[in-house]
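Read through the structures below before going on.
Both of the next two complexes hold chain A, though its partner changes from chain B to chain C.
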Partner chain A sequence: MLSYLVRRLLQMIPIVFGVALLVFILFNTVGEDPVRVALGTHATPASIAELRAKWGLDQPYHIQFFNFLVQIVTFDYGESYITGAPLSEMFLDGVLVSLSLTAPPYFTAVILYVSLALLIAYYRGNWFDRISRVTFVAMMSITYLVYIIFFQWLLAAQLDLFPIRGFARGLDGVEYLMLPWVIILFESIGHDIRMYRTIFLDEIKADYVRTARAKGATEMSVLFRHVLKNAMIPILTYTVIGIPYLILGAFLMERFFSIPGVGDLMINAINTGDFPVMKGLTVTIAIGYSVFNLLTDILYAYVDPRVKLG
Partner chain B sequence: MTTQHATASKPIYGESLSQRAAKKIRRQPHTLLCLGIIAVYVAIAIAGYAGLMPDFQERVGASYEPPSLEFAKILGTDVFGRSVFYKVLTGVKTAITIAVCVTSLAIPIGIFMGSVAGYFGGKVDAFVVWFYSVLVSVPYILLVLAISYLLGKGLLSICVAMGAVSWVGLCRLIRGEFLKHKSREYVLASKLLGATDMRLIFRHILPNVFHLAIITASLMCLNSIMSEVVLTYLGVGVQDGSSWGTMIADANGELVQGKWWPLTGVTLALFFLAYSLNMVGDALRDALDPKLVD
Partner chain C sequence: MKMKRLITVAAMASVVLVGACTKSCRGKKDEGSGAAGGAKKVFRYVRTSEERSLDPQKQFDEASADIVTNVYDTLLNYSYLKRPYQLENGLLETMPEKSADGLSYTFKLRKGVKFVDDACFPEGKGREMNIDDVIYSLKRFADANVNVLSYVLMEGSIEGMEAFREETKKAGKATDYSKLNISGLTKVDDYTMIVKLTKVNPLALYPFAMSQTSIVPREAVEKYGAEFERHPVGSGPFSVKENPRRGEMVLVRNPYYWEKYPSEGEESDRANGLLDAAGKQLPFVDEVRLPLIEETQPAILSFEKGQVDVVAIDKDNFGKFLKNEGGKIQLNPDWANKVNFYTMPGLSSEYLKFNMKDSVVGGYTPQKKALRQAFAYAMNTAGYIDLLLNGRAQQLNTIVPHPINGSESTNPTQYFEYNVQKAKEKLAEAGYPDGKDLPEIQVEYRSTAATVRQQWEYVRDNLAKAGIKATANFQTFSAWLQKTEKGNFQISGAGWQADYPDPENFYQLLYGKNTPPGPNDGSYDNAEYNKLYEEIRYMENGPDRYAKFARMNEIIKEDSPVVIQYNQMRVGLVTPWVRNLKRNAMYNPPLKYVDIDLERQAKGM
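And now, the complex of A and B:
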């Protein structure tokens, strides 16, 4: 177990190195010169040289890249080009805000839609299954943007159930987060239920289900005692692997409802040419993704005794 | 059957995977309807390139006329009195262009990288796996945003950005299949007869795994159209007004004023295309899966 963990952690190093290299190539060599963006067209050569030295951009590329790697290892990404605020604090703050937006509907969705999918799997093949299939594909065919616009119009502007937009920290924020939660929950129905249904139907074909039926188990007990337990393995994998994306937040949601999470930070950085924010965020999220990938594999071995790590 | 064998007048050939899939799909009226809808969209896009499409910038009436039975005003007019219907048609052209460009960029890359990695193994495989692991670690939308930001705004740069990122899924699938196929007997036999690596990859193994590329392509068309709408809304992407994303962004303020027709027009146009692509993708997956042969 320990040797497996160490080996997997070591395997993460080339991946993170690759992400750093990719990000560095994209922003430091291909992209626009951030100094020129910041100072505009009327800058004097002296002020350009000064700012370049301050941001460390007068160094040769290999030194700049090394400095970037040091930043990644120490989780100290320096300061924003635009606001001058320390990035590590900005990121942590943004992560918490994004999680408060995406985590509650995410975990509600897992419980709600797994149950609903089990119900649909129970009625597989009959009219209920067929109607739900067409309905869910239809729901998946409407873009996220339209859901946001429509629900904001209907629930906030017309029915006045929620505030239209805004954000507050702490418990006061719940009032503003309700509408985004509802939208996220609604938007993910089609995709989630279809996937859970496929997982359940794969399990229902298995031999142990036939054995359970043969010994006289009722359909309900087959589904809840046997199928659900075995289906938990792929469901768990899917759920855990989605967690790093919660940190990224719902890009669109944050943009639309002016919620200052990670997605909003990223879009602002892109619009203002704030390279350290873009680079730092991308690498941080990539590391998060790799860690959760590893976590999924360990959990996998934990819930399924047939899987051996090593 | 037996009489045919006896007379041997006509040799009997087995059905290929694609023949069987075509037969299956021909029996599903719903899938055929969806294919028809996609064909209409493609035809509209081609008409747009042939210069047959009316100019969406032209004013056809007053500002915000609700839908009426007149051809140009069937979906009403926008704030400048331009026809919403013409704007939606122009959006079809943009959407189909993006779907075709991204798919024709990403599918060959995915096939090539996947087959080379799976077939040769060793260092080549290690490099390809490392490369796509790096790409996968960065969330899709972030990478596309970053690349299209660097390439500048526009149709071409968003196509390149999405194409450069979208090949990973197919590459993984093809690599996995190549790992399985390369030690099968038919490959070994052909190798023994002196077939070159290129011949083995492209002539022998690839036809056996090509159905994966078709299924992936249908889903990629859908994803790239949906992503472009969102990216355009976020400020990268196609900014000249010819994208559905721009129309949806504008519609946001209009809905509050009770101007529902611009949003309805775009949503319906996008809905029918996305629904058809979803259904055709599903049907292709069912029809082309060798495990589901009955």
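And now, the complex of A and C:
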């Protein structure tokens, strides 16, 4: 187990290095030049040179990239070019906000939609399954933006059930987050239930299910004791791998509801060429993805005794 | 069926239940009393992007300047009601007095101006501003370790400032202002300073009205260090009470503020009630709440609910609230009695510029001039404004936008009128009858946004009607800058936002010595134009200067290094209880002048 962990952790190094290299190349080839964005049309050669020197962009590329690697190792990405604020402070602040937006509906969706998908799988082929399939495919076809615009207009502006927008820290923030949560749940319902249903149907057709039924097991017992347990591997994969992305927030949601999370921070960083923010977030997500991938593999072993780590 | 109905009902019920719960939990936000003991007056204004810095000397973006101008003061400022915009004495007792040789100005600071109360001062009490604060702030402006963005606004203007900046570069973080001085800034007494210029230059006063030269107290800079950017301490009409990152900023009135509401304005201002508050103490509102709302829909929905007092209207929402009838913007009947609206001509010009060194569109022969004139005749700018901007722009006959003294309003000029036939004639004159043998022209744009692509389609159609084939290249702002500065383009979309309201700021765009890396990146160079520019550059406005502008406009029309189009107009809605709001392109948003009619507010929209 320990040697497996060490091996997997070592495998993360080339992944993070590759991500860092890719981000660095993209920033220096297709991204906005932060110096020119900051100085605008008033730039003079002297002011351009001064600002490049201040941000370390006058260094040769290999030195800049080396400094970037040092930042990754030390987890210190410096300060935002644009606001001058320390990245650690911006991230911590933004990540907690983003998590408060994304985590509750994410985990609610897992519990709710797995149960609902199991129910639909139980009624497979009948009218309930058919209607739900059509409904969910239709819901999947509607873009996220339409859900946001429609629900904000209907539930907040017309019915006055929620605030139109806003954010507050702590429990006061719940009233502002309710509508975004509802929208996230609505937006993900089609895709999630369709996927869980497919997973369950694959299991339901398996030989061990037929054997269980032949042995006289009740349908509830078949579904919850056998099917659900065996379907946990793909469900776990889907769920755990999605966790690192929660810290990225939901960019559109954050913009439309004035929620000061990380998603909007990232988009603004891309638009203004704020490289410290971009690289900090990208590498953090890459590391998070790798760690949660590892976590998923470890969980497999606990969920399914057939899986052996090593 | 029962199951489906049950699920549907349960889903809807839970949404309504959650909503009802949050609705009942929502309390009234603006309780409390105002300065006069009555109800608190709160003005709500939408911020559409986040500020980069609230340190006056470090900021150089519009969002930051919007806040800085309301928290700090400048030595000079612009008339609130009078148009065209003119400089007023701001923090000074009077306008600076010019010396006989025109090289020096005496600045006399107003007495009794106080910084707001803050922990950086002894016992937390704001102290009186003096001339040392002014010199300190100007040193910060010139300090290369502090200001890397906006120094260009004053570069080469004040004696000794360049040398001071060089010294700060050498000293780095060890820079000590007590040992370094700017020779052109001389303290006479606690309230008086003489500013010596490097040359006679009336334009040199404009930077003293820019937010980057706002006056800051040394104590605050030293106490807060890097945090000073988020913890401003000024003498302006408001101070920052709350400033959560990317959240709702809250400003509260400065009880020490010195300024009174202006008693002079335009003729229409009295009829519009804008002079009713003449002579009254500013600011009028107790609190300003500034939510950050980056998207249009939530801003407009919040406005409709009366949760924000002003909202800008974009192209997509224009028709819902407003109509454009024959170039006159009005509210739709549904909204006419509910809300007010404003229009504000911007201090910017939009135009297409030619690369004068390009082998096809550049050059100065009669044929080349005729080719560029064909582009000018082909452009239906009025139609463009009507269709793509809902009339939210003013067509221009000169490169200087309408609100500036010295524009076509004081200096009538007729530019090319849209005429496809004439465009074809000019094209033939250029040697390309019906566009035959004219290579496809590439037009560069500084954005990849959908609205810009729509605008391009209109331009492309205009050019095609005249027989000109063209294609467009959409790119990021910095990529566009790099391309145009290197002269690697044929035609480019372009615009210029005034740094100060003087025509010189626009005529310099075509001055031969301002070729790249200067702002004349089309590399236009005409000896007569250059000579005239050098003459008008430091002239006071008046008939002589206007006459020279007229000749420069003729030269621009003849050579056509640019196709002049329009200056943008901002349009927005205002709740009916807001008083004294007149949009001002040089002081935005004018928070200290606005008032709230609480009785009207109680009635709602």
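In this section, the second predicted complex is superposed on the first by the 299 of 310 C-alpha atoms of A that agree within 3 Å, B and C clash if a C-alpha of one lies under 4 Å from a C-alpha of the other, contacts with A are read in each partner's own complex, and residues count from 1 in each chain.
Note that a contact is a pair of C-beta atoms (placed from the backbone, for glycine too) under 8 Å apart; a residue touches a chain by one contact, two chains touch by 3 or more.
Keep in mind that this is a model prediction, so the values were computed, not measured.
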Is A:F251 touching anything from chain B or chain C once the two structures are fitted on A? First, second, both or neither. first
Chain B versus chain C as contact partner of A:A286, first or second or both or neither: first
Using the touch criterion from the header, give the chain among chain B and chain C with more contacted residues in chain A. C
Which partner chains sit in contact with A:I149 here, chain B, chain C, both or neither? Use first/second/both/neither. both
If we overlay the two complexes on their shared chain A, which of chain B and chain C does A:A157 touch? Say first, second, both or neither. both
Contacts of A:V110 with chain B and chain C, given as first, second, both or neither: neither
Given the touch rule stated above, what does A:L87 touch, chain B (first), chain C (second), both, or neither? neither
Should A:A138 be classified as contacting the first partner (chain B), the second (chain C), both, or neither? first
Look at A:V174 in the shared chain and tell me whether it touches chain B only, chain C only, both, or neither; answer first, second, both or neither. second
Based on the superposed arrangement, let me know which partner A:I235 touches: chain B (first), chain C (second), both, or neither? neither
Overlap of chain B and chain C contacts on chain A, residues 31-32, 149, 153, 157, 255
Contacting residues of chain C [partner chain A, same complex]: 1, 3-4, 15-16, 18-20, 22-23, 25-26, 50, 52-53, 58, 60, 144, 148-153, 155, 226, 229-230, 244-248, 291-295, 297-298, 301-302, 304-305, 307, 476-479, 481-482, 496, 499, 517, 519
Which chain A residues qualify as touching chain C in the complex? 31-33, 35-45, 47, 50-51, 54, 82-85, 90, 93-94, 127-128, 131, 149, 152-153, 155-157, 159-167, 174-175, 178-179, 182, 255-258, 260, 264-265, 268, 273
Quick one: which bits of chain B touch chain A in the complex? Just the residue numbers, please. 130-131, 133-139, 141-143, 145-147, 149-150, 226, 229-230, 233-236, 245, 248-249, 251-252, 255-256, 263, 267, 270-271, 274-275, 278-279, 282
Under the touch definition given earlier, write down the residues of chain A that touch chain B in their complex. 14-16, 18-19, 22-23, 26-27, 30-32, 137-138, 140-146, 149-150, 153, 157, 244-245, 248, 251-252, 255, 266-267, 270-271, 278, 281-282, 285-286, 289-290
